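Take a look at the structures listed below.
In what follows, subunit A forms one complex with subunit B and a second complex with subunit C.
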Partner chain A sequence: MPRQAARPVITRLLQRGLYGAPLAAVAALVVGPLAVMVMVSFWTRTGFSMTPDFSLAAYSTFLGSTRLDILFRSLWVAASATLIMLLIAYPAAFLIARRVRTDAVRTVLFLFAVPFLVNYVVRTFAWTEILGRSGWVNTMLLNLGVIGAPLDWLLYSQFSVYLGLITAYMPFMVFPIWLSLSAIDPRLEQASWMLGETPRQTFWRITLPLSLPGVFAAALFGFVGAFGEFAISTVLGGTGYQLLGNSVISALNVINYPLAAAISTFSVGVMGVLLLIWFRVFDLRLFLGKIMGRT
Partner chain B sequence: MTRKDWSRLEGLINADINVVAIGNSPSAVVNQLVAGGGRRAFDVINIVGGMQQPLVDADLILPIEVDRLSHWDANHYIADFLAPGTPGFDFIGYQDTVYGVPTVLQADSFAYLPDETGELDSLGALFDPRFRGFVALEDNYTTAGQKTALYLQQSGLADIDDPSNLTPGELRTVIDFLIEKKQEGQFRLLWSSFEQAVQLLVSKEVHVMDCWEPMVIVANQQGANVRYAQPSEGYLLWAMAAYIVNNPTRSEEQLEATYQMLDFMLGPWYGATITDMRGYMTNPLAADFARESDAFDQATAERVAAIDEDVKEKFEFGGTWQNRWPDEVDLYEEEWQRFKSA
Partner chain C sequence: MTRGVWLFLGAVLGVLYLPLIPPVLESFRAGDGFIANYIGIAANAVLMEGIRNTAVLGLTVAVITPLIALSVAQTLRAWGRARLILGLILLPLFVPGVSMGLATALVFQVIGLEASMVSMALVQILWALPFATLLLLTVMAGFDRAYLEAAHMLGAHPLRAFIDIELPQIWPGILGAGIFSLILSFNETIRTSIVQGGSNTVQTYLWSQYQQVGLTPPLYALMTLLIALTLVLVGLLAVLDRRLLARRQIDAADLDA
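On to the complex of A and B.
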C-alpha cells in the first residue's frame, strides 16, 4: 500500500517540476532582468559608480529634459507608423485569408517571412543605396525625366524613417491578422449574407469585429517594435532623429545606468498599460484558442 | 590586424595572442570589463585614450611600469606630445601616473570633395551655407562638438576658453550654434559607422564631412577623389592607448608576456604596419625601420615616412586635444541629445 500511494505523489512532483521549469526559466530570464532594471532606475549615481537607493533623480532627469520631447515623439511615431502598417497589413492578410488558394497560402506567408532572413540592420542600410541622391530611385526618375534634380527628402527624412519602420515591422503584423481572419467561422458570414447584408456590411459588422483580437495583437507587435526602435532612426533619420531607444543608448554611453533604466522602465510601463487594455478588451485565451483550432 | 600578423609577436613570447573587438565607446569598454567578465578575459585593451579617470576610479586598469618597456625611451613622440603637464598626457596618464602605452597618434580634421567644393582649409566649411545640405558630422560630441567649439573659438564667434573642456555656458553656446545650423538645413546627416562614412563620400551624398582620415584613404581606394583638410584653426588631436587590464588571476609570467606585447606594440614593425594600414602616426622608429627592413617594399616605406612626417607636422601645428571624459560629461550628453532632437 505505501508503495502504491507514493506513485501519485511522485507523478505530481514530476508534473510540477515539468510545468515549473519553464516558469522558473521565464522568471529568471525575463522577469529577473526587468526587476533589476526597475531597481537600478531608483539608484543614485556618484561619478562612475552607483549606490543602491530609492531616488527619483533619474526619473526627474528623464521627465525634466529634452528626453520628454523624445518620449512624445516616440509615442507619436510608433502610433502613426502602427496605424499606417495596419492599413497595409490588414488588406494583405485579408487577401491571403480570403482570396489566395489554400494550397498557395503557405507560399505567400513564406514570402512575407523572407525579409527576416536578412539582418534588419543590413536591410535598413540597403535603403540608403536605394533612396540616396545617387540611389536607384533618384537615378531612375532622373533618367525618365520625371525630376530635374535628386529628391533629397527620400533619404534622411521623416519619410525614410517611416519607410524603414513599415518595412521592418509590417510583415510581422500580417500573421496575427491572418490567423484571426482564418479562425472566423465562415457560417457567421454566410448567415449575414443570407439575412440580406451586403458584403461591405458583412465585413464591417461581422468580419472586422471578429478579427479585432488579431488586429490588436498585430498593432502591439508593430507599436512595441517601433517604440523601442533605434537602428532605423540612426541609419535613416539623418540629423539625429531621436527615438526613445536612441536616448537609452546615449545615456549608456556616459555610463548613466540609472537614467537608462528609468527611461526603459517608463517605456515598459507604457507597454504594460497597452497589454492591460488588450486583456480588458479582448479575451486572449479565446484568440489563442481559435488559432489552435479550439473554441 | 589579422590573427596571422600576431604570429610575429607569438614567436617572440611564449603566449598565444587572441584579438577581440570590444567597441570604443566608454560604455562598451566598461561593460566588457565590469559586467562582461573582461577583467579575467583580457590582458590588454587598446582604445582611444583619455579614459583613465573612469577606468582607474573603477580599478579596471593597472599603472604602466615604463622601465619594463625597452622602446619607451626611444619613442620621443611621448616626450614631444604626451609629456606630463601637457594636454597630451591626458591620453595616457591620470594624476601623474602613466596608465596607457601610446600606440597611435593622429590629428583629425574633415574630408571634402575638391571637385565639388574647391580647396577648403577651414573648419568653417562645415557650416558654410554654400554647402548647405551636403555636410555630415560624426554623431559624437567629443569629435564634432569639439571641432565646432574650436571653430567658434578660433573664428572669434564665441568666447570659449578651452574647447576640450567646455563650461556649461560655453557648451550651450556651441549646441545653440549647431541647432541653428541644423534648422537652416546645413547638415545632411550625422554618421555613426566607418562604412557608412566611406559610402557617403564615395556616393557623393555629402561633399564636406567631419570624419577620420582612414575613411578618406578607403574612399580614395574605391575611386573617389577625396581630400583631408588642413584647417587653419588647427586639428583635433588624439592618441590610442593600450591599457593593462587589472586581471586578478594573472600570473607574474603572464604579466611579463603582457609587457612584452606592449613593448612590441611600441616597436618599429608594429608601428610601420599600422601606419601603412590606417594612415596613423605611431612611433619615431617606424619610418626608418620600414626603409631599412626587408619587411616593407620601397613604396610602402616611402608612404609610411610621408604619413609620419605629415601627422608630425599637424601635431606641431596644434589644435585641441580630444577630451573623451570632460568634467561636465553628463551635460555634454544631455546637450548633444538636445541638438539631435531639435
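On to the complex of A and C.
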C-alpha cells in the first residue's frame, strides 16, 4: 500500500531535517558573516556610507599606504611569535604526554587552561603593572642593586608585545599538541627502539612527524591570533605601534567599512590558505579520533 | 629528570599566572583604599548597566551554545563527515577576533539592524561554539553507543532512548559546555566591542575606559572581581570533571565485577 511506503520517506526527511537544520543554521552563522565581509570589501565608500560595487579601491588603499608596513610587520611578528610559542608549548605538551604521571595529566592540563580563560585583555593590563618603569621587575632589580636605573625596554617595546602575545595564545596551543602526541600508538615508538634507533632519532623520525597535525593546528591558532591582534599591540606596544587588527580598527574609526573589510578579508584569506594546507597535508583521523572516540 | 620536568612546567605556568596578581594588589592599594574602590563600582550607573548586560549575555550564551553544540555533535555522529563538520565548527577559532567582530557588525550594517544585545550574543556564541563542541564531543566519546542499540532492540523510540539513556550519561558534558561558554562570554572583549552598539558589557566598559582615561583604581577592583568570578566558575568546572571521572571509574569497576 502506498501509505506504508510513504511513511519511511517522511521519517527519513524529518530525521534529515532534524539533523540538517541546526547544522545549516551553524554553517550560515559561521560562513555568512565572513561572506558578507568579503562582499563589502569590494564595495566603495561614499561619505559615511557605502555603496554596492565591484571595485578594488579598498584593496588599493590598503596596499598603497603605511598599512602595507603594518601588514609586513604583522606577518613577521606573528611568524616569529608563533615559533617562540611552539618552542615553549611543544616541550610542555611533550612532558605532559610522556613524563607526567597519568593521574596528574588532567590536573596539569587544567592548570594551562585557567590563565587562558581569564580575559587576555585583563592579563595584558596586568603586564603594564609588572613591566612599567616603576613596576615590579624594575623595583626588584633596583632594590637588589642589579641595575642603576629602571630598564626602559621592558614596556612599550618589542619585548612586551611578544610577551603579551605569548602569554595570551601559548596556553591554548598546548592542547592540540598534547592531543596529537597522546594519540600516537606507543608501539610505533617501541618498534623504532627495537630496530635500534636512539631515543633522539626516534623522536625526530617517529614522534615529531606524527605529532605535526596538532603542531600545525596550534601554530595556526597562535599565528592567526597574533597576526590580527589589536588589544595587545595597543596596550603593550606603546604609541603608534600597530598590528593588522589596529589597521582594521583605525579604518572602522573613520567609518571606512570597505577598507576595514578588505584588511580583514586579507587576514582571513591568509588563515584560509593555512587551514587548507592543514586539511590537505595531514591525516587528521588520528587527531579527530582522539576527540571523538572510535569512529 | 622528574625534577627538571616540574621545573620547566612550573616556570611556564608561573609566567602565565603572574598577570593574575597585579589587579588584585592594585585594587587594595591604589586610590582611596580597598573599600572605596569597590564602592566606586556600585556607584557607577553605566557600569551597573554593563554588569546587567553581561549577566544576561552570559546566561544566553551559556544556554544556547551547548544546545547548538549538542545538535551538531548528534549530526556528526549520525552522518560522519567529521572533517567537514568539525572544520566548520572550529573555523571561528582561526579567525582573528577583530575580523570576526567586524564580519558580524557588517551583517547587521548591511541588513540595516542596530547593533545590540543580539549582535553581541551572536559573536559570543560563535566564539564559544568550537570550545563547547569539542568539550561535548570528548564527553560523548566516553558514552558507549551499545546502550542506544539495546534501547532500540527493546523497542524504544530514538528520542526516548536519547532522553532516558544518553542524556543522563552526557549531562556533565552539556553542563560543562555551558559553564565554559559562560566563562568565554564574560571574558570576551574585542569581538564584542566591535558589535556593541550603544550597550556595554563589563569588558567593553573596561576597554573603553582604558582608552579614554586609562586605568583607575575602581577598574582594578572590577578586574579583580572578573578574575575571581572566572576562577570560581573554573573551579566549578573542575568539580564537574572530577565527578565525571569518578563515575567513569565506578562504571568501569561495575563492568569488571
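To be clear about the criterion, the second predicted complex is superposed on the first by the 281 of 295 C-alpha atoms of A that agree within 3 Å, B and C clash if a C-alpha of one lies under 4 Å from a C-alpha of the other, contacts with A are read in each partner's own complex, and residues count from 1 in each chain.
The rule is short, and it goes like this: a residue touches a chain if its C-beta (ideal position, glycine included) is under 8 Å from a C-beta of that chain, and two chains touch if they have at least 3 such contacts.
The structure presented is a predicted model; accordingly, all values stated were derived computationally and were not measured.
Steric overlap between subunit B and subunit C is present once the structures are superposed on subunit A.
Contact with subunit C, but none with subunit B, is seen for A:23 once the two complexes are overlaid on the shared chain.
Of the two partner chains placed by the overlay, only subunit B lies in contact with A:65; subunit C stays clear of it. More residues of subunit A are touched by C (comparison of subunit B with subunit C).
Once the two complexes are overlaid on the shared chain, A:156 sits against subunit B while remaining clear of subunit C.
In the superposition on chain A, A:92 makes contact with subunit C only, while subunit B stays out of contact range.
In the superposition on chain A, A:235 makes contact with both subunit B and subunit C. By the document's definition of touching, neither partner reaches A:189: not subunit B, not subunit C. Applying the stated contact rule after C-alpha superposition, one finds that A:111 touches subunit C and leaves subunit B untouched. Touch criterion met: A:132 reaches subunit B, while subunit C stays clear of it. Taken together, the two structures place residues 125, 128, 234-235, 252 of subunit A in contact with subunit B in one case and with subunit C in the other. On the subunit C side of its complex with subunit A, the touching residues are 1-2, 5, 8-9, 12-13, 15-23, 26, 68, 71-72, 74-80, 82-83, 85-89, 91-100, 102-104, 106-107, 109-110, 122, 125-126, 129, 134, 137-138, 140-142, 183-184, 187-190, 194, 203, 206-207, 210-211, 215, 223, 226-227, 230-231, 234, 238, 241, 245. Listing the residues of subunit A that touch subunit B in their complex gives 47-49, 65-67, 69-70, 73, 125, 128, 132-135, 152, 155-156, 234-235, 237-242, 246-247, 250-256. Subunit A contributes residues 15, 19-20, 22-23, 25-27, 29-34, 36-37, 40, 88, 91-92, 95-96, 99-100, 106, 108, 110-115, 117-130, 136, 167, 170-171, 220-221, 224-225, 227-231, 234-235, 244-245, 248-249, 252, 257, 260-261, 264, 267-268, 271, 274-275, 279, 284, 288, 291-293, 295 to its touches with subunit C in the complex.
In the complex of the two chains, the subunit B residues touching subunit A come out as 25-27, 30, 53-54, 57-58, 133, 139, 182, 187-190, 192, 196, 199, 203-205, 329-330, 332-334, 336-342.
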